[in-house]
Amino acid sequence: MTIQSSPTLSSLPAQGRSPAAYPETARKGGVRIVDAVKTYGTNNGTGVLAVDHCTFDVPAGEITVVVGPSGCGKTTLLNAIAGFHSLSSGSIYLDDQMLCGPGKLKAEPGPDRIVVFQNGALFPWKTNIENVAFGPIMQGTMTKAEAYEKARSMMADAGLRDIENDYPGETSSGVRRRVEIVRALMTDPKILLLDEPYRALDSLTKSVMHEALLEIFYKNRVTIFFITHDLEEAIFLGHRVVIMTSRPCRPKKILDIDIPHPRDYGVLTTKRFREFMDETAAAVHEEATKAFAAGEKER
Amino acid sequence: MSVATAFKTGGFAVSGDLWRGIVAIAVFLIFWETGSRSVSWFGFALPWISKIPPPVAVAQEMLTLFQDPSFWQSAFLSTWRVFEGFIAAMLIGIPLGLAMAVSRTFYGITFPVFEVLRPIPPLAWVPASIIFWPTQELSIAFVTFLGAFFTIVINVVGGAQAIDVRYFQAARSMGSSTWDIFRRIILPATLPSMAVGATVGVGITWAVVVAAEMISGGGSGAGGGLGFFIWNSYVGGSYTQIVAGMISIGVAGYLSSAALRKIGTWMTPWLAEG
Amino acid sequence: MSETAASDVRSLNAGEAMGSHTTRKQTPFSVAMYRLSLWLRSPRPYLMLIGFSLFLGFWYLAVEVWKLPRFAEMPGPTEVMREWFSENPTYGLSVFLPEYYLHIWVSTRRIAIAFFLATAIGVPLGLFLGWSQRFKQYVFPVFELLRPVPPLAWVPLAIVMFHGSETPVIFLTFLASFYATALNTMLGVESIDVSYIRAASCLGAKRWQVFRHVIVPAALPFIFTGLQISIGVAWFSLVAGEMVSGQYGLGYVINTSYTMVRYPTIIIGMATLGIVGYVTSAAIRLLGDHMMQWRTRELALGADK
């Protein structure tokens, strides 16, 4: 993957979702979830149904955001794609190849589907740059020198050069999150799986994070699968928003957000944005109330 | 396995892999048996194992011992000593620990002295203890007390200090008195650490009792406790008795820890979720 | 408008980086000095003084002034001090005599051998026990079977098994230390946040790579806590072993001082044990702090607890 000079947000043509407007990196990472079911618990049948016959698509080269109340099972779906959990039934395809399905209920974790975790999983005992260079070195796809070279330039690109040699514990959580995303991108993944990555950040930092994420997306065109409970975040970031029911989750409403990319925070006050909020707020609120009544505990 | 479940189950994995554990123990016993008999079976002596009596002989010895009342007297004596020292350590250690946690001043005065005395192994106190206390029984009890005391206090202080300050703030804003706060917040919140301190402490107490018995020659006429029993067996040259004694102590120690762990779990039902 | 927003983001990044740039100037020494000055300004050192004075004062008064009956045969602090620091001690042990240091050396040497062996065997064993379910299922039951037997109960058997008087004592110490280390290491591995392991797998690390780059470093804090417990336990067993069967060493000193009615030396022995025990424990803690720079720096930047 070549490092391109970063276009400023305003220099990209605001032409909506026409593929021709974007840099020519491979459009890959499309995920198809077909009738996924997941039951947790003991084998004698008294389990908890977490995912209830979910079927939806994550289009390649786009940002798909899944919104739902806490504990509804959306993390389970992400874990199934990533290969940390197995499904009870159903199947998941990545670029038309089966990740998991009948006969192979658990996918293998791999560098084509990298996860950015809720509470951050930067290794505290390695410096930031050692973290970033970790992936290619482990896989053996680059020599140490090459990996560090690439890590340095990617971090510089993201404005993170000064904290290269610091430990994650010495930097703020917002910065850590961004380092983690750079780390994920080092291995050129097909799809980036983000599990409520900005949940623990304050809303001011969050807004900066959103723009940073979009910048990265515009540069790399990696498919993004993003989980959140924040509707505004979802509509702001996503090409497609999937609203889940409370546990057990299934898609309640799927929206294609036709607000043109590239987006910036000015989008939040546009009429179209408000229209989307109106359309979805009722649905989300309904599920949130159900989840609250059921007294669900966040897993 | 989270630390909580490990603590509850004593670290054992759940029964599905019971068979593997049994297989492992069986292999261990076979290894022991062949090692012990290596001289007669193979004609040469394996370095250390050949000197240990084989498990079968030990088992026979234990059967004999179980029918000997003086053995049970020794066992009872040791258990009684453990009990004494341990209860004393709890009775003095818990209030002291709580006082240290509650009052900064008290902590500042007592903790440094405590920390200076703590590295001194309990057994090093034995001679001083014998000089000080009138009877041998009391001197052993004192040393036993010391063994558990330090562990319990450290655990209680640690537990109390870890209480989230917001619990106090919440209580105060709801109008609780100091006594109420103590009874309803500090006490329950430190129970888990007390339980941990107790479980670890009782193990140390057993170790100290056995050691003290060996060193001070047993004391009271009835037989002098299991530690003395082992030492005596050594002096008398009965190796099977040594091992039998060791096993008995091991079992007794394990049972006391298990009992305390059960009590601990019973007292802290809110920790039941793994 | 978007352009300035983007450059704002950039400058914000630079600002954040600048913030961490200044904190990087903190060295371990300057942090230590800072904390020392804070400590001196708090009531803590003075309370400490009060505590020690009360303790020593009570001891002094009880033995030498009030002459309480229970304390009749106890040596008082002045007597002990005089003995400890005299050039010609009545009972043969003081800071001026080489014998004193010989005993310290013998005990320390035993601890060093036993502790080193216990760590070399216990840490890898603990790591595997925590890492591999299969391994744990086979090995842990046997491990747990032998654990409840207190160290000193092994003494006679150890004397029978091993030659000489040195090896049994070291074996004893090794055993106690080994158990503490292995158990704590195992619990440490089991406490590791599963996200780290998952992240490493995602990034393409194979199982052994995860073990080396994630498990071992992540377990290090727990390992060091275990080592501190382990050294304490080691001293405990060593003293016991020395009192029962050994020649030279601090435990031996205490025991023989008693049998030879040299009471002040008992206290000297105990105090020395306390000091040496504390020093070894502190040494381990410092080693741990050094090996886990990332943690000390993180903690130093955190609240002053």
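Per-chain residue numbering starts at 1, and chain names A, B and C are given in the order in which the chains are listed.
The working rule: contacts are C-beta pairs under 8 Å (C-beta built on N, C-alpha and C of every residue); 3 or more make two chains touch, one makes a residue touch a chain.
Keep in mind it's a predicted model, so treat the numbers as computed, not measured.
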Contact graph of the chains (line, ring, star, complete, other): line
Chain occupying the middle, per Cα centroid: C
Farthest chain (mean CA position) relative to chain A: B
Length of the line joining the C-alpha centres of chain B and chain C, rounded to whole Å: 20
Distance from the mean Cα position of chain B to that of chain A, given in whole angstrom: 50
Centroid spacing, where centroids are CA-atom means, of chain A and chain C in whole angstrom: 45
Sites on chain C touched by chain B in the complex: 43-44, 46-48, 50-52, 54-55, 70-71, 73-74, 133-134, 136-142, 144-146, 148-157, 159-162, 183, 187, 190-191, 232, 235-236, 238-240, 243-244, 250-251, 254-255, 257-258, 263, 266-267, 269-271, 273-275, 277-278, 281
Residues of chain C defined as touching chain A within the complex: 1-3, 5-6, 9-10, 12-14, 16-21, 23-24, 193, 195-196, 198-206, 209, 213-214, 217-218, 220, 292-295, 297-298, 301
Complex contacts: residues of chain B adjacent to chain C: 1-3, 6, 10-13, 17, 20-25, 28, 48-49, 51-52, 104-105, 108-113, 116-117, 119-128, 130-134, 203, 206-207, 210-211, 214-215, 227, 230-231, 233-234, 239, 242-243, 245-247, 249-251, 253-254, 257
Partner chain C, residues of chain A touching it in the complex: 8-10, 82-84, 109-111, 113-115, 117, 119-121, 123-126, 134-135, 138-139, 158-163, 166-172, 174-175, 183-184, 187, 208, 211-212, 215, 262, 264-266
